[in-house]
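To start, the structure under review is shown below, and the notes come after it.
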Amino acid sequence: MHMPQIRQHRQSNQLRQISFQSDFTKFATSSVLTGCGDTRVLCTVTIKDGVPKFLTGTGTGWLTAEYRMLPGATPQRHEREVLKLSGRTQEIQRLIGRSLRSTLDFAILGEKTILVDADVIQADAGTRTTAITGGYVALVQAIHQLIERGELSASPVVRQVAAISVGLIEGEAFLDLDYPEDVAADVDFNVVMTDNRELIEVQGTAESGSFSRHQMNELLDLADKGIQELMTIQNTEIDRWMQSKR
Amino acid sequence: MHMPQIRQHRQSNQLRQISFQSDFTKFATSSVLTGCGDTRVLCTVTIKDGVPKFLTGTGTGWLTAEYRMLPGATPQRHEREVLKLSGRTQEIQRLIGRSLRSTLDFAILGEKTILVDADVIQADAGTRTTAITGGYVALVQAIHQLIERGELSASPVVRQVAAISVGLIEGEAFLDLDYPEDVAADVDFNVVMTDNRELIEVQGTAESGSFSRHQMNELLDLADKGIQELMTIQNTEIDRWMQSKR
Amino acid sequence: MHMPQIRQHRQSNQLRQISFQSDFTKFATSSVLTGCGDTRVLCTVTIKDGVPKFLTGTGTGWLTAEYRMLPGATPQRHEREVLKLSGRTQEIQRLIGRSLRSTLDFAILGEKTILVDADVIQADAGTRTTAITGGYVALVQAIHQLIERGELSASPVVRQVAAISVGLIEGEAFLDLDYPEDVAADVDFNVVMTDNRELIEVQGTAESGSFSRHQMNELLDLADKGIQELMTIQNTEIDRWMQSKR
Amino acid sequence: MHMPQIRQHRQSNQLRQISFQSDFTKFATSSVLTGCGDTRVLCTVTIKDGVPKFLTGTGTGWLTAEYRMLPGATPQRHEREVLKLSGRTQEIQRLIGRSLRSTLDFAILGEKTILVDADVIQADAGTRTTAITGGYVALVQAIHQLIERGELSASPVVRQVAAISVGLIEGEAFLDLDYPEDVAADVDFNVVMTDNRELIEVQGTAESGSFSRHQMNELLDLADKGIQELMTIQNTEIDRWMQSKR
Amino acid sequence: MHMPQIRQHRQSNQLRQISFQSDFTKFATSSVLTGCGDTRVLCTVTIKDGVPKFLTGTGTGWLTAEYRMLPGATPQRHEREVLKLSGRTQEIQRLIGRSLRSTLDFAILGEKTILVDADVIQADAGTRTTAITGGYVALVQAIHQLIERGELSASPVVRQVAAISVGLIEGEAFLDLDYPEDVAADVDFNVVMTDNRELIEVQGTAESGSFSRHQMNELLDLADKGIQELMTIQNTEIDRWMQSKR
Amino acid sequence: MHMPQIRQHRQSNQLRQISFQSDFTKFATSSVLTGCGDTRVLCTVTIKDGVPKFLTGTGTGWLTAEYRMLPGATPQRHEREVLKLSGRTQEIQRLIGRSLRSTLDFAILGEKTILVDADVIQADAGTRTTAITGGYVALVQAIHQLIERGELSASPVVRQVAAISVGLIEGEAFLDLDYPEDVAADVDFNVVMTDNRELIEVQGTAESGSFSRHQMNELLDLADKGIQELMTIQNTEIDRWMQSKR
């Protein structure tokens, strides 16, 4: 099998090294420093009473996400977004929010709002998918804390979610692109799936050229494989953390 | 064949009525009031010399898009976005820009910037896909004007592009959703394709629940059919307009 | 009679062609695409319950206006005003608001707020006066709809209003300036009058030089004549539209 | 002669007490604390080299004005305008700028920009007209300083300008309204005139009701009288100040 | 005793000329134009019912300050801060607020908010300390007015406060720096003290180099001396003003 | 010796546990996660060519700092500062910038700009002083990298700097306050010193009450002791890191 120069120490269908440092900070309800290769995203979860206006009185809760990149996360310092958020930042935080909301039964949560902050400490591509994968772990931990404290009687988490990027480089499909691969890719997909192997979100973009239905299917097969592996790693970390809390 | 109550006068695989009013205004380089059912988007194109900083000196051009909704476009008045654009608006204008850029060879355009303004006059869902479909027609017309005026020697338009929405309502696939259908849909896709039947962008989101790979393929088949029809209608309008300019 | 080169197909005391396309859009309470020569302003009216804080509990209503120019309305693309509105835009929307408020008895309206949006689709000077003249027609139609729907028992419209520009070019007075005339004018007036031939607003500015009381009177005579004609055309359109609604 | 209750110690055609404190501050090129009754506006002028982009290379200069109200200027503290200027503030600073520009031959000034700051220290109505009347005095003084320092060889001031408000209260015309009168007025005019008795700007607004051509003429006669008096007082102050500089 | 060139007509331990023009404006509750050498700060005080959210229901009041520099206050025109306040401005207004709050027993004030506006009319260094020293005088006067009007039964002013700058120039300590001295100073302190000779705030900064504990003590001795003198002058003005109110 | 309840496991003159994780991220020039008790500040340094306008052409460099708190750093989620920075944030980042600039000879640096980002990951008081102490370590490391890469021939670092807070609680002086102590403190000092035991910045504030000269001296003695200890720890980390780079 021919493999472009760009990926040398990983198979084209292989994930980067995944890592979770749970309880990375101590004041947020939960906090997980999530690593995917050299990408590091700090996912913290806070839960507060009350919901946005459009839900008040409905008895159902809400989840919203914020995403930001620290200035030192990239080789060229990344300027902070002050007066307004870039379109890219807004797209990403909306995607994170939708993906994590798909795991919850908000009637069980009741009128509470879950805030997920994804702060990129180090960026080597895949920051939005890492935020979703790590955000799920932090979300489960935060819910667990609320149940422990008696603030919630049952868990509203009804599905598991994880996300990964896939892309076409010189016509070949690759799983979990790092930054040089992301730059080289002609087509770039972000895929979000649940534990019943259903899709929550598929965002595919041709940065140059276009892609066929056949290629798209090949990419989705790769993403499916990667996400199954991510879910196993998520569950391992959640179990380990639960044990440590006893 | 069973069809949910929601669509009564159209087949599930049928487009809404498409219309183009070219030269709707007279001062912009080109201007097309594009209709898709009750959705009306005014697409105007302006072309100016010069390119953004990151392209200066490369000899290649650029295209950028702005999208906005007029306050009277919806039954509930839509407040203007003043201090900052919503995430939704930014996502949409980035999508329109990427889609229309996919049709152009920027080396042929040279260091010019094409600005596409998509202003929604009336909103009955599908505003972003209507903006892409109508924006392509306005783009071709604007390029034609530049060639006529001798400001460009060859057309940089190398591909045709069109876009449509598809969605799942109670598990059934529908083409080209209007507003009540969009609200009822559990899964919503926006699909952008070129004339060689390749994909440029696929954005699929489960608003509630999730979707299988099988359902996704069904939706993409519908979108493919709709986009082929849109391209025929685009070409008919472009031909008519070209004739009228002789 | 000598006439400067600048106006060739109209008498100096002649209005441009006036047109109203009522029901231009279908979701706003009323919507009139108003034309004055090549100027096109889309006037839409929305009416909502409640009033600004300073009127709450008084039993009287309010009307407010927003004015904006679409980017493609002018030969040079008109940049959207994002972070802040220009002084010119704010002046114009305040003028439109004051002029249309002069037609209403707010005690009859009760605690409702009327929002008039004037979006300039095509700009060939006279956009603010066209917005007032067309806004009046849309206002009457919106009120009519509310009465039809039983949301209002009597019409609060107690006066008719229309507006026109006049100006001095090389010392000669002209009615209803188009863009080239506006640029050439040394003195520029916007005049708003009611159907009892009284003035609501007179805004006269010497862009270069100054003007005498005598010249001012000449200009106001012209404006008075033009506004009488506009009122006849407004009434014709309102009658036609009323007939069409039966 | 009948006079409404509202004005008791002044004739209806009488100005309030006018005062100028020239050189009120020492670091600006010129600075005049201008009083009109209880209204106090600090007018300072700065002149700098260079002109806005649209004038660069034309050899002609520019004048621009800023207007702001100090929080303590009114009985109810006036909140500072932070993120954006109100429409009222922008209208006023544009009016001040236009009025003062009418006095200058910018070809004589050359490529310099004159900045006039009008800061309202105490507000009892008539702040914009006081800013124009006092701004003219400060402008002449600033120009004089430049000539003295040899930075300008001839004065670009070719006209004198002053401004006053007039209004109708219960149908009667009044000159130079103070705050209670301004509140009571149904019609309110700001009039700007030059020393050759020509008009530069007429802004008349019916706050309630409307006004006839006859009433308008009566108001303009009053304004004309008041402005002639203001010009005498301006000249007296300028002469006094010139003497003091020798 | 050696004295650097920079200060020629004052001893190194001597204050500049201090002046208070109480009742400088008539609409604010109190208003004092405070002079310190060529520095002039207009301090106005407004008192309104209600307190910020975090104090509502506590029965205690609040004081907040705003600080701004007029454009003409400096030889080079000082641009107004529009979209956002500079860090310097915010630091200063927070310092003024804290300093003046230290004089008050907020339980006696009750749920009222005192707003102190410090507008710099002319800037020759020491504007923040002048604002505090003058702000105290205006504060006492405003409280007095409230008591006179029966809106307050006892005075919440329990301490007197004043402030001064001191600095090191070429190793020598100077009291009350003017602008040329401030520019020349290597170390710059702002000191706020109460009438019991206790400190409220000490802000010392080495602009270049550093300073020893010994030098710091020398500077604080100077500041202490200056502040004792300022308090005598404050009291003289307050007494004079009280007499004038009888 | 009596000690208030508030501090139980540390002497009043004892620092919290200090820690440095150098090379915490890999893309910035240097990056140190600095801990002081439970406070964690990520200090990253980037160096770029060019200087702000006011230094261009002088041959000397510049250093500027940004400070921000992550939302999850505190028990109550800390809202991101979007439209504008709070006064507190601006004060802190100006203090960090001044303190770190005091260590550099900018003529040796040449026309480069050093950007120091201090992002608070976890906040238990003392975040600004931790940012300075850790920022110094990151600064030395970044300079070292530039010298290694041959982009700088000599080190511009001419002084060492560290900072600590001290405070009075119920009249007793404490070194290095944590959050509960900070809340309880009546007087709060931030002290910045160099390795020659000279002061760079002293900021002392009485949050309630006031403080005497004697108390101030006691606090500065404590700060001096703490800063000497910090400098030893800084040097140990720098040496360790240097060794690791060989």
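As written, the chain order gives the labels A, B, C, D, E and F, with residue 1 at the start of each chain.
Heads up, the rule we're going with is that a residue touches a chain if its C-beta (ideal position, glycine included) is under 8 Å from a C-beta of that chain, and two chains touch if they have at least 3 such contacts.
Keep in mind the model is a prediction, meaning the values are calculated, not measured.
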Set of chains adjacent to chain D and to chain E: none
Shortest chain-hopping distance from chain A out to chain C: 2
Touching chain A and also chain F, the following chains: none
Listed pair (C-D, A-F or A-B) duplicating the D-E contact set, over half by residue number: A-F
Whole-Å gap separating chain E and chain F, where each centre is the average of the chain's CA atoms: 29
Approximate Å spacing (C-alpha centroids) for the pair chain A, chain E: 52
Interface hub residues of chain E, defined as touching at least two other chains: 83, 85
Ring path (origin chain A; first step to chain F): A, F, E, D, C, B
In the complex with chain B, residue positions of chain C that touch it: 24-28, 31, 38, 40, 42, 44-46, 48, 66, 68, 70-75, 77, 80, 82-83, 85, 115, 117, 119, 121-124
Chain A partner contacts - residues on chain B that touch it in the complex: 83-88, 90-91, 93-94, 98, 102, 159, 194, 196-206, 209-213, 216, 220, 224
